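Below, each structure is written out as C-alpha cells.
Okay, so chain A shows up in both of these, paired with chain B first and chain C after.
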Partner chain A sequence: MANLIVASLVGLQSRWRERQIGKRRLSRPLLLAALAVAALVATPLAYLLLRAATAPAETWARLLQTRLLGLLTNTLALMAAVTLGTVVLGVALAWLVERTDLPGRPVWRWLLAVPLAMPAFIGAVVHVALLRPRGGIVPRFLAETLGVDWQGPSPFGFWGAAFMLTLFMYPYVYLLSAAAFRNLHASLEEAARSLGRNAWQTLWTVTLPVLRPGLAAGALLVALDVLAEYGTVALLRYETFSAAIFLQLSGRYDRSAAAILSGGLVVIALAVLAIELWLQGRARAEQVGGHWRPAPPQPLRAWRWPAFALVAAVSLATVFVPVTVLAAWTVQGLRDGPTLAELDRAAGRGLGHYLFNSLWSAGLAAGLAVALSVPVAYLAVRYPRWTSRGLSHLCQVGYALPGVVVALSLILLTNTALPALRGLPLVVVLAYVVRHMPQAVRSSQAALAQLAPSLEEAGRSLGRDSLNVLLTVTVPLIFPGLLAGAALVFLTSLKELPATLLLRPAGFDTLAVRVWLAANDGLYPQAAPAALLLTLCAAVPLAFLLRRGRI
Partner chain B sequence: MPALKPFILKLTLVAGLLAACAPTAPTAPPEPGAAPAGDLVLYSGRSEALIQPVIDQFQALYPDINVALKAGSNSELAAALLEERANPQADLFLTTELMTVQKMANEGVFQPYQPGTPDAVPADYHHPDWLWTGLTLRARVLIYNTQLVTPAAAPQSVLDLTKPEWRGQLAAAGSTNGGFQAHVAALRQLIGDAATTAWLTGLSANEVQFFGGHTDVRKAVGAGEFQVGLVNHYYYHLQKAEGSPVAVVYPDQGEGQMGVVVNATGIGVIAGARHAAAAGLFIDYLLSPEGQQLFAELNYEYPVRPGVPLHPEVQPLTGLRLAAFDVVAAADSLESTLDLLETLGIP
Partner chain C sequence: MAPRHPATDECMPALELLDITKQYAPGAARAVDAVSLAVQKGEILSLLGPSGCGKTSTLRLIAGFERPDAGVIRLNGQTVTGPGHWVPPERRGIGMVFQDYALFPHLTVRQNVGFGLQGRAAARIQDTVAHLLELLGLRGLAERYPHELSGGERQRVALARALAPEPVLILLDEPFSSLDADRRAAVREQVRATLRSLGATALFVTHDQEEALFLGDRLAILHQGRLQQIDTPEAIFHSPATRFVAEFLGHTDFLPGEVTADGILTEIGLIPQRVALPIGAPVELAMRADDVTLEPARGGARALVLARHFKGAQNVYRVRLPSGRLLHSLQPHTLNLRSGTPVRVWAAAGHPLACFHDGQRVPAAEL
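What follows is the complex of A and B.
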C-alpha cells in the first residue's frame, strides 16, 4: 500500500515537473534537426509502403493465392515459439544466477550473456554441421566409432529454427530480468513469505508479476528480432517473411512482390513495436523508489546440481561448442593444403580487409546513429509533448524494419531518387543507421533522463542559447551514456547480415558476409576464421556494455 | 567551457578518421588508350568459389587491374543492372546460363564486344552482334549416392524424378538458381507447358529438397542425406573429387527421349562501363586457351573454344543426345517461367 502511494506521488510529481518544463519554448534548430532525423529514418518505410500499395494488382493476387497465408503462419508460429522459449529460459537462468545459491554464479552471470557476441546464423552453421542427419559430424562419429546408427532430431525446419533462435536470443530476456531481480525490493518477497506463502508461491504471485512489464518489453524485442532474422531461418530451411523477401529479391527482376511481402512483414512488426512502446511508457510509471537492500539467496538444496547442469548445458551449446568447432575448423583449414591456399588467397585480398570493412562501417554507423539520436532524445526528454514523443517513436521504426526490408527500400530509393549513392559502401552504413537508430535513441534518452535539467538551466541563465547549452553542457556530461549507445549500435551492425548482403557494392565484403558466403556453399573451414574474428570483435563492445550494465 | 575544446577536437578526429576510412566514389573513366588499370567491377552469377581462381590468374597477368567481384544469383544481379542502366556500376556481367544475358541484351544493358579471337566462339554460342559471348558449357545431369542407389535403379530421365519411389530422396537447386530456371525454361520448349507444370508439381509432391545452390545439393547427396540430386555435371566431379561415393547419369538418352539439357555460361560488357578496355581484356583472357583450360581443369566444364582438351574424367558431349531448344525463345519466356515457379510455390 505504501508503495502504491509512493508510486502515485512520484508519478504526480513528474507530471507536474513535465508541465513546468513543457512551457519552455522549443529551440527551432533542434526541432528542425530532430525532424530531419525522423524523416531520414521514416522515409525508407514510407517509400516501401507506397511501393507495396501501388504494386500491380496481379502480383498481389498471385501472392495472396500462393504465399501470404503460409508465410504468415510460419512467421507467427516461429515468433510465438521463440518468444515463449526465451522468456522461460531467460527468466529461469536469471533467477538461478541472481537469486539462488547456484554454484559459480559470478562466472555464469557473464557467460550467459556471451551468446550476444555471436550472430545466430553462425551458431546455426555449427549446429547443422554437427547434427545434420546422415552427413553430420555427430551421427557420422557415432556410426564410425560405436557403430550406432543415431540420426537424432533433424536440425532443420520449425523446431530447429525455434531451438537455435531461442538459444541465441534468450540473453535479451536474461539480462533484463537479471537486472530486475537484482533491483527487486527484498521487502516485497519478505512480506509474502511472512503472510505464509512458500518460495514457489512467492515467485509466482509476487516476484514475476513485478517483473512483468520489463519482461514483456524484452519478449517483444525478441519477437521483433525473430521477424527480422534471415540467416538462421534460411540456413535451417524454414521459410518466414524475411527469407521469402530475400528469395524474391534474388529470384526475380520485379521488386513489387518483394515490396508487398515487406509491407506485410512491417505491418506485423509495427503492431509488435506499438505494444512494446506502450508497455515501455507504462513500465516507467511503475518504477518505485525506496530503501533497496539485496534479498538473501534462495537455497536450491536437492535442485542445486540439476540447476547447475541446466546452466552449464546452455553455456555449452551457445559458447563452448560453437567456439570449439570454429577453432577446430580454423586449425583444419590451416593444415589442409587446398583450404590453406584458399585462405591464403583470401588473406591476400584479405581477411584483414574484411575486418577493416566491418570495423569502419559499423563504427561510422555507430557514430552517426548516436549523433543523430541526440536532438531527438533531447526533445523527447526535455520537452515532452506529443510532437517530440511522436518524433522519438518515429525514430524507433527501425526496430520494425528487418534488414532485408531496409535493404529493399534503400535499393528502391537509390534507384529512383539518389542514384549517386548507388555502388557506395555508404549505403550499407545508411542501412545500419536506419535499422539501429532505435537503440541509439533509447540509450541517449536514458542518459539524458539521468541528467538533472538544473545544470542546463544554469547554462541558459548565463546567457547561452539552447543549442549552445546542448553542445557545451549536455553532450559532454552524457558522453559515457552516448558511448554505450554507440557500442550497442556497433555490436549489432557488426553482426548484421541481410542488408549488407543485398546492398554491398562489388568488392565490399564484411566479416559477416564472408562467413555467410562460405558457409552457404558448405565450405566450413573457410568460414571459420572470419566467424571467430567476428565473434572476437563483437565481444569487445559487449564486454564494455556488460560492465556498464547497459544492456 | 575549457572541457569542450578537447571534446569537440576528439569528436572531429573520430569523424575525420572514419571519413578517411570510407572508400571514395569510383573515379572518372580513364583516358582512352591509357594502360588498363583500376577496378574492374564484375557481377557474377557464378559463385565466388567457381570464378575466383580464374580471376586470380587474370590478375597475375594484369597486376594493375583490380577485379572487384559481386557474386549473387543471375536474376538478382540482372535486376540490379536494369536499375543501374542510367548510372552503371558494373563493367561485366557473367551468368550461369544464356537466357539472362539474352534478356539483358534485349534490354540494352550490354555494349557489343567482339573478342580478339572471334573464331574461339562457335556461332551458336554468341550473340549475333556480340552483345554477349558464351564461355563454357555444362550439362544438366543426375548425381546419385552409390551406397544408397544401384546403377540399375538410378533414374535415367529427369522425368523419372516424379515417380513415387523417389519421394523424400531428392535434392535440387531452387527457383533462384539460374541453372534450374534455365532448365525449366528449356523443358517448357521440349515437353510443353502442361507437362512442365505437371513435372514441377510432381517434384513438390515428391518433397524434393530445394537448396539455394548446387553445392548444397552435391554435398547432401555425397553425404547420403539424399539419394539423388539434379545438378550441373561438374558438381558430380567436384563431389567425386572429395572422395564421396557418387555416380552420374546423363539423362534422357534413350530413343525418343529429349536428350540432356546443355546450358552455357555467358558474359557481356555493360553499356557505359567505366573500364570497358579492361573488360575486353578480361573476356579475351577467359576465351584464351589458358583461360578455357582453367575452366576445364579446375571446374570440369566443357570449354566453348574448339580444340581445348576436356578434363580426362569428363564425358565428352559428342555422341550424346543433346536436347534441342532455342535460347532466344527461352529468354523471352524467362519471366513467365519465373511466374510459373512462383505460382507453383517452388522455393
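What follows is the complex of A and C.
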C-alpha cells in the first residue's frame, strides 16, 4: 500500500524525467534479464489459459450449464459489496482521523491499519466461534447466564462474508485515502468555499473527486483481493470462483474444470484492472504547484463522541476482540491437559517448525521477488518505451492471479514440464513470487523514479560500466525502497493460504496452514497460538511500512 | 458602533477592517495586531510586507478562512465578522486567487471558471465563462486540465475563476510568486488591465515592492502584524511613517544624530532641521543617495570611497564614514573617483529629512 502511494505520487516526476532522458539504446543484458523475469511470471498464466482453452468440450458444457452463472453472480456480488463497503468505511475513517478533531487521532492512525497484519480468515474463525447460531460463545453465554435466547444474525453466507471481508480489507482504502487527505492542498477546499460552496458541497464536488485516483487504487486492491480470497469465504460457506476452484482441485481432482473456472476468474480480474485504467482516464488528479499547507481540522462538535464510538467499534471488531479471543484460547490450551499434550506431541513438528517454515518461505519469496523486480523496474524507468513498459505490465499480471489460480497453473506446469520441482517447498515460494511480484515491481519503480539519472551518469563518466554502476550506485541508493517492497511481499506471502494449501509438499506446514487446518476441525485452542504468532510476525513488516509511509 | 449615517453610504468602502487581531496560539506573537484599513470601491490596495508579517493571515481573515480574536470586518457596510456576526466564506461574495492557484485538478479550464456559477442559467454560465476566457486570452484552452497548462496560464485561469461570480472584492495572495521572472511582467500587466477594465475592487498581497507599486493604487505596509502606514506609493516613499517603512522600501541609510538647539548634530555635520523633541534626544535620519553629496577632500579627510556603481547617467558611491557607518551618494557621471579616495561628505537634501525616534517618525517642529 505504502509503495502504491509512493508510486502514484512520483508518477508526475517520472514522466518529466522521460523527456529529460530521451531515447537511449536498450542495454541488452538488462533486457534479457527482464525478459526472463517476465517469462517466469507470465508462463504459468499462459499455460493455464491454454489448458482452459483445450479442455474437453463436455467439461465446458457441464460447467456452463451448472456452475458458471451462479459462481459469477456470487463472486461479482461479493466483490461489489465488499468494495463498496470498504470504500465507505475506509474513506470515512481516513477523513475522521486526518481531517477532524476526533479524540485520540495519533493512536487511531496506527490501530486502524493493524487489521492488515491479520489474515481475514483468522478474523472469520473468531467471528464464527463467537456468533455461530448454535453453540457460538455469545449465544451460549446469553442463554446460560441471562437466560436470553438470542441467536443474532447468522455469521455465514453472503452477508457474513461481506461483513468480515469489509472489516479486514478496509485498511487498503483507509491508508490510500488517508495519504491523499494528507497531501490535499488546503487551498483547493478554500477556493471552493470562496466560490460559494458550503462544506458539504465542497466535500462532494472537490475533495472526493480529487481523491479519486487514491480511492480507485484502494478499491482495485480490495476487488482483486476479494477475487483471490479463499479462507474466509470457504469458512463462511459462501461459494465464489476461488472457493469452487479450490474444491475442484483438492476434492475432485478435476484439473480441466479448475482450469476453465480459473480462466473465468482471471477474465474478471483483468476486467477490474481495465476498469481502473479507464477510471483514471485523462483527468489525473495531479495537484499542481507547491505551497502545501495542512488543512485545519474540521470540528465535529456534537458528532465527536459518536464518531469516536464508530472508530472504536471498528478497532474493537478487527483488533481487540480477535486478539483477546485468540489469547484466551491460547491460555485455555496451555491449561488444558489433553490439548497441551496434543501440542506437545506435535512439538517435533510444532509451533517452532511452522514458524520457521513461514519465515523462510515468505522471506525467500520477498528476496527473490525484489531481486527479480530490479531489472524490470530499471528498464521501465530508465529506458521508457513500449517494450519496457509492456514488460513491466506483464510482471504485474500477478495482481489478477488469485492464489488458487497460481497454484493450479504451477501444479499443471510442474506435472508436465518440470517434474523435478514437484513435491519441493520451492514451488510454494515460486507461487508467492509470481503472485506478489507486482508489489515488488511497483516499489522498485517508485524508488528508481525518485533517483536522478545524473547520479548514474556521474558513475559512468568516472569509468565504471553500467552493471558496476547499478550495483555500486543505484541499488545502494534505492535500497530503502527495495526493502519496503520486500516487506510488502513478505507480509502478503506470510498471510497467503490457498496457494500454500494446494502446493505444499506433505509435512510442509506454515503458520497460516496450521491455523486453517486446526480451525477447520474446530480445534480452536490449537489454532490460536499459531494465529497469534502469525499476526505478530506480520505486524513487524507492517509497522516498518507504516513508519516509512509516515502513516 | 455609532449608527451609520445615510449620507456616508455614497462613499461607503467596499471593505473595512476595524482593529482586527489574530493570535494562532496562546502566548504566541500576534499574527495580526489591531489592523484597521478600508478599501474603496474600484480601488486596488497592495498589502506589502516581508514574509511572516501577517499579510496572508489578514487576507485569510477577510476571506473567512480564519476567525479573528477581535475586531470587525465589513463588506459593503455589512458586518461579516464581528462580535455576534459570522458569515461563512461561501456567502461573503469574495473572490480569491491563491498563491498556488488551487485549480481543481479534476476539472477542465471551462469547468474551473464556471465552478462558482452553480445555480445560474446554463446559457448565462456559458456566456460568462466564454467572456472571461476571451478577456484573459484563454479561449483555446477551455477543455484542458490544469496540469496541461503553463504557470502563466494557470494564473490567468485562477483569476478568471475568481472573477466569474462578480465578487464584491477580489483577494490576490502573492499571485505572481510562482511564475518565472521573465513571465511575471507580462502576466502582471494583463492582471492589472483586467482588474481595471472590470472596475474590480482588489486587495493584493505581496512581499515584492516593485509589484506592489505597479499594481496598487495605494499601499498598506505591514510589519509584525501591525499596519505601519497606508497611503499612496508617492506619499509613503517621500514620507515614511516609521523607520521600518523607510528601511523596507530600501535605498535608505540611517544616520544617528542628537537633537541640539540649532538642529540635529550628526557625524557629517549639523543638519539644520528642527524636531519636536527635547535637546539631547537620540534620533536617526533617513538618508537616500540623492540626499548625500561629496567631494574629493583636500587633506584631513575623514571618509573614504569604498565602491562606485556606474548607473549610466549617474554614479552611486558607497562611502565609509570614520565611525564605520556606510552612506550612499548619488553623483553625476562626470565625477569619477577611485575606491580609496578620501572625501568630504555632507547632507544636501533641499527638504527636511525623515527623522525617527524609537523607530517612529518625529514630526518637524515650528521654527
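The definition used in the following text is that the second predicted complex is superposed on the first by the 514 of 551 C-alpha atoms of A that agree within 3 Å, B and C clash if a C-alpha of one lies under 4 Å from a C-alpha of the other, contacts with A are read in each partner's own complex, and residues count from 1 in each chain.
The rule is simple: a contact is a pair of C-beta atoms (placed from the backbone, for glycine too) under 8 Å apart; a residue touches a chain by one contact, two chains touch by 3 or more.
Keep in mind the model is a prediction, meaning the values are calculated, not measured.
More residues of chain A are touched by B (comparison of chain B with chain C). Of the two partner chains placed by the overlay, only chain B lies in contact with A:508; chain C stays clear of it. Of the two partner chains, chain C is the only one that A:209 touches; chain B does not reach it.
Looking at the shared chain after the overlay, A:197 reaches chain C, while chain B stays out of its contact range.
Of the two partner chains, chain B is the only one that A:360 touches; chain C does not reach it. When the two structures are aligned on the shared chain, A:521 is found in touch with chain B, with no touch to chain C.
In the three-chain superposition model, chain A touches chain B and chain C at no common residue. Contact residues of chain B toward chain A in the complex are 1, 3-4, 7, 14-15, 18-19, 21-23, 25-26, 39, 41-43, 47-49, 52, 56, 66, 68-73, 75-76, 78-80, 82-84, 86-87, 89-90, 175-176, 209, 212-213, 215-216, 219-220, 222-225, 335, 338-339, 341-343, 345, 347. Across the complex, chain A meets chain B through its residues 62, 65-67, 132-135, 234, 237, 239, 247, 249-255, 257, 345, 356, 360, 363-364, 367, 411, 415, 419-420, 422-426, 429, 471-473, 475-476, 479, 504-508, 517, 520-523.
Interface residues of chain A, counted against chain C in their complex, comprise 12, 185, 187-188, 190-198, 205-206, 209-210, 212, 282-292.
Contact residues of chain C toward chain A in the complex are 63-65, 88-92, 94-96, 98-107, 115-116, 118, 145-147, 154, 161-162, 164-165, 178.
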